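As structure tokens, here come the structures.
In what comes next, chain A is part of two complexes: it sits with chain B in the first one and with chain C in the second one.
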Partner chain A sequence: MPLDHETVTRIARLARIRLTQEVQEKTLPGLNSILGFVEQLSSINTEGVEPMVSASATTLRLREDRVDDGHCRDAVLANAPESFAGFFVVPKVVE
Partner chain B sequence: MSDLCKMTVSEALEGLSKKDFSAVELTKAHVSACENARELGAFITESFDLALQQAVASDARRASGNALPLDGIPVAIKDMFCTKGVRTTAGSRMLENFVPQYESTVSANMFANGVVMLGKANQDEFAMGSTNLTSAFGPAINPWKRADGKPLVPGGSSGGSAAAVAANIAMAATGTDTGGSIRQPAAYCGITGIKPTYGRCSRWGIIAFASSLDQAGIFTRNTLDAALMLKSMAGFDPKDSTSANLAVPDFAAATKRGVKGLRIGIPKEYRVSGMDGDVLSMWEKGAELLKAQGAEIVEVSLPYTEAALATYYIIAPAECSSNLARYDGVRYGLRVAEAGDDLDDLYEKSRGAGFGEEVRRRILVGTYVLSAGYYDAYYLKAQKVRALIARDFSRAFEKCDVLLAPTAPTPAFALDESPDDPVTMYLNDVFTIPASLAGLPGMSVPAGLSASGLPLGLQVIGKPFDEETVFAASAALELAAGFPGRK
Partner chain C sequence: MAIYEGRTGDWGIVVGLEVHAQITSASKLFSGSSAAFGAEANTQVSMVDSAMPGMLPVCNAYCIEQALRTGLALGAQINLRSVFARKNYFYADLPQGYQISQYDQPIVGEGAIEVDLPDGSTKTIRIERLHVEQDAGKSLHDQHPTKTYIDLNRSGVALMEIVSKPDIRSPEEAAAYVKKLRTILRYVGTCDGNMEEGSMRCDINVSVRRPDAEFGTRCEIKNVNSVRHVFQVIEFEARRQIALIEDGGEVVQETRLWDTKKGETRAMRSKENAHDYRYFPDPDLPPLMLSEGFVENIRKSLPELPDAKKQRFMADYGLSAYDATILISEQARADFYEELAKGRDFKLCANWFITELLGALNKSGKDIGDSPISADQLGDLVDLMSNDTISGRIAKDVFALMLETGKTAGVIVEEKGLRQVTDTGALEAVIDEVMAQQADKVAEYRSGKDKLFGFFVGQVMKASGGKANPGMLNDLLKKKLAP
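Coming up: the complex of A and B.
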């Protein structure tokens, strides 16, 4: 089923991407082209098939539980659009 | 153009060791070549001062008898690799002013082997594209010319890397390959490009696109150079949870093995309708050339090939939407906000302004296929089909040692011939995506020219962590094909 504008607005909101009306108009046909194309998978029988979650066959490694990073506050903040006194600055979130 | 720029990596290493020229001379020749080829748009950020400092240090090491394996080789690094102190954009406005505070494992490994960095290579935005046209910093141009003289795409997403190596302005260049982003541009630009097995190179410090698929690799002008470079990049890294804890083999030795007795699989499902006639005949010729050297040609079947593209265009956008959630306008990257905006306004405006059209489209597709009510029908289904595609390959490898296939369905096209419809565009990756989904190593080797005089590539696909056989078959193909190179 093709997407409508209402659904695109909802997805864009979930993705936290603001779309202007004009951009949304331009975006819709491409999204529907892709979703129409991938629809073909529904006809493939995957009963009893385990989903493949990674191309790597190994299991995740465990490491010793000890601190191996840190003390790099200034490096962490170096690319922040706005920082103050060693903190990231964001708009007020609590009234 | 100086002859120093036309050498291969192995020739340059020999010349440096015989003191025919210095690393500084080699680097200066390449810097000058880069400056004279700026119309190719191969770089987003040049780092010539750093390159000269590295070259001076390289000469000092060599003079004191401590030369490293790749000491003094000037390369380009794709702008997906974080380079400490050198701007890293991933081809996006979002990261226009991002200066990493740390070095990616792959580039660190290369520097530890003496490599000199000329700059950060142009690419599709966040590696999403097959043309380099989605870069926020303008397209990269293919140095090859067609008779009509129209500028051609170098392929993508690692378009700047491929253009730089093909134009002889860098001796090698790193790339990343998620669905074909090394192999397809290598084919379009008439050079060699390898994506090793998923897990062979560390992903640490590479800007994430689709983490279950992303893998680093290299562009060079021949297979021996690719072997030398890949050896320096690869290896176990505890900082990447999917890094393979395996010794790195001597890839260069493998290029000399030959193909006698090797079983070369020809996947019959790759004979898709709409394949360029030149591509088909090049593929047949490639098989003949390997057969003449003692290889056995066997037809194999990969029944789920046709489902690979659709599978990829669910999994890659899903992972992309999750990975790119980190660009929030707070910790790094672009921030767009006005007085009185709340936090959601800040997120939405920053992300609305920072991402280009293709990246936005993929985030939206990914968000949709992962959203409540659609997850099972799209994402889980795609992961199951992915398992079937991977199983196809393991079954095929019971009958053969490597697979031979075309790299791309057509030669390079003009910038203005790039299709508007995303799905038509995605068809460029039809031959590279299946191996990506299965995590297999794949190498594109230039095998000949189309009727329009443009390079065509053949792809050798191997078993997991058997890059050596890929190198053996690719080197044999390279030798037999005698690709003329760019005039």
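Coming up: the complex of A and C.
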């Protein structure tokens, strides 16, 4: 099922990507062509096949419950556009 | 089941709860940062928690054990294979842009708990699932007029989300459910249940309907953080929805917030952010596989659970369901009681523990852990009553002095000379004295005014300074007064 402009706008907003009208015009056929390519998979019968979660056959590795990280506030805040008194500072987001 | 009277007739409510409980662990779910509460901002944050590019999550084995322990305590189905998924949404305190959670394959499936209602009855509330997920950071909106401050210390801390079936039919049942869940979590040590510090929060789904009709459209109220607020939210939301429908309106499915100051719920402003989480399995985390043996070992390590303890207290100590429920609500209370009751009168111990000690602690906002009186010390007081050294009435005074001075019951009784008068001669002397003073009343009594007996009991008790043994007093007085 090909995408329409409305869906592209919604996906862009969810991904926090600003699309100009011009870029969006080009994006729509691009996305549809990718989806069309992937769509070929639907022609395969997957009846009774478990959905694959991971490409590797490994299972989850676990670690011990030990505190051995953190305490690196300066490094964590180093790339923040703004910080104050050890906090990240962002434009007000009030709900 | 609660009935709400509307303008157009009766309404019932249907409620389901999603409780987010912080897993008790030293480090976070996918990183080695500390999960402790109250540290200075952003000091417990690693490159993983701040979602720096290229960092990979490694799962904390103990958090998984804790989730299993909880699932087993809820009598729930354990899924030996579960999958972590990304729940995508954009918010300033979620640096990854997604929360690692579990979606269609949670670690724990269906279970049930018995909740204890105020009238002494119980009700089964079924559990839909329990899954493990990350907490987000904390946003402070009130520090600056145009800015929000973000602390990521909580980012990545392990949570269990416990989802109930929509089995709850009144605010009382919801409150009882949260309390019971908290009790169970504390028993098994998987969450401290401290709602003030945010280690337990809940989202409440509420809908209204005509009694026994189909479920109505529900609203979800986010982030409610006390039992009292759970109660208030449901009351408010039920009334709001009923009024809305009766005025010809329609409930729309939406997420609402609870305004603690105004005591009302309101719709979240950002409607355009209507949930579109685009869940998908997290490619960084292969499926979690557990062995039967591992789960069995955890099952064997579980302590006696609250319901089993309640049954045992009723059977072994002959306590009422009401008393047993109070005693088992905290492990420390149950332990205190068992210590106290050893070799003593079970019911007398329960009464003194619940009415006097818990009553006094409650008044000063403390719990049993802060009790200035130990089980042994309270036991000494109970012994003094049981062996007739003091009466129950005097014991209350002694108890008050124990709380006040920290002295033991024995010392207080000796110091204040509170021993019951059990010496027949001494008691007879007091009775004689009272009878001499009240000669006319004695005459009235002897001429048939039986009701005056109580008056004499009071007078003699008073004259003895409250120390007369009540049983002896009655017997002696009856003999003396007899014509």
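The rule is simple: the second predicted complex is superposed on the first by the 94 of 95 C-alpha atoms of A that agree within 3 Å, B and C clash if a C-alpha of one lies under 4 Å from a C-alpha of the other, contacts with A are read in each partner's own complex, and residues count from 1 in each chain.
Quick note on the criterion: a residue touches a chain if its C-beta (ideal position, glycine included) is under 8 Å from a C-beta of that chain, and two chains touch if they have at least 3 such contacts.
Fair warning: this is a prediction, and the values are worked out from it, not measured in the lab.
By the touch criterion defined above, A:44 lies against chain B but remains apart from chain C after alignment on the C-alpha atoms of chain A. Contact comparison for chain A: of chain B and chain C, B touches the greater number of residues.
In the overlay built on the shared chain, the residue A:19 is in contact with chain B alone; chain C does not reach it.
With both structures placed on the common chain, the touch criterion links A:34 to chain B but leaves chain C unconnected. Once the two complexes are overlaid on the shared chain, A:59 sits against chain C while remaining clear of chain B.
Once the two complexes are laid over each other on the shared chain, residue contacts for A:85 go to chain C alone; chain B is not touched.
By the document's definition of touching, of the two partners only chain C reaches A:67; chain B does not. With the contact threshold set out at the top, residues 13-14, 16, 53-54, 56, 58, 60-61, 63, 72, 75-76, 82, 88, 90-93 of chain A are in contact with chain B in one structure and with chain C in the other. Those residues of chain C lying in contact with chain A across their complex are 25-27, 31-34, 40-50, 58-64, 83-84, 88, 90-92, 139-141, 143-152, 257, 268-270, 272, 276, 278, 281, 283, 285-289.
Residues 97-99, 101-102, 198-199, 212-213, 238, 241-242, 244-245, 304, 307, 309-311, 313-314, 317, 321, 325, 328-335, 337, 341-349, 351-352, 355, 357, 360-361, 363-365, 367-369, 371, 377-378, 380-388, 390, 421-423, 426, 437-439, 464 of chain B are the ones that touch chain A when the two sit in their complex.
Those residues of chain A that touch chain C in the complex are listed here as 10, 13-14, 16, 53-54, 56, 58-73, 75-77, 82, 84-95.
In the complex of the two chains, the chain A residues touching chain B come out as 3, 7-8, 11-20, 23, 26-27, 30-31, 33-35, 37-42, 44, 46, 49-58, 60-61, 63, 72, 75-76, 78-82, 88, 90-93.
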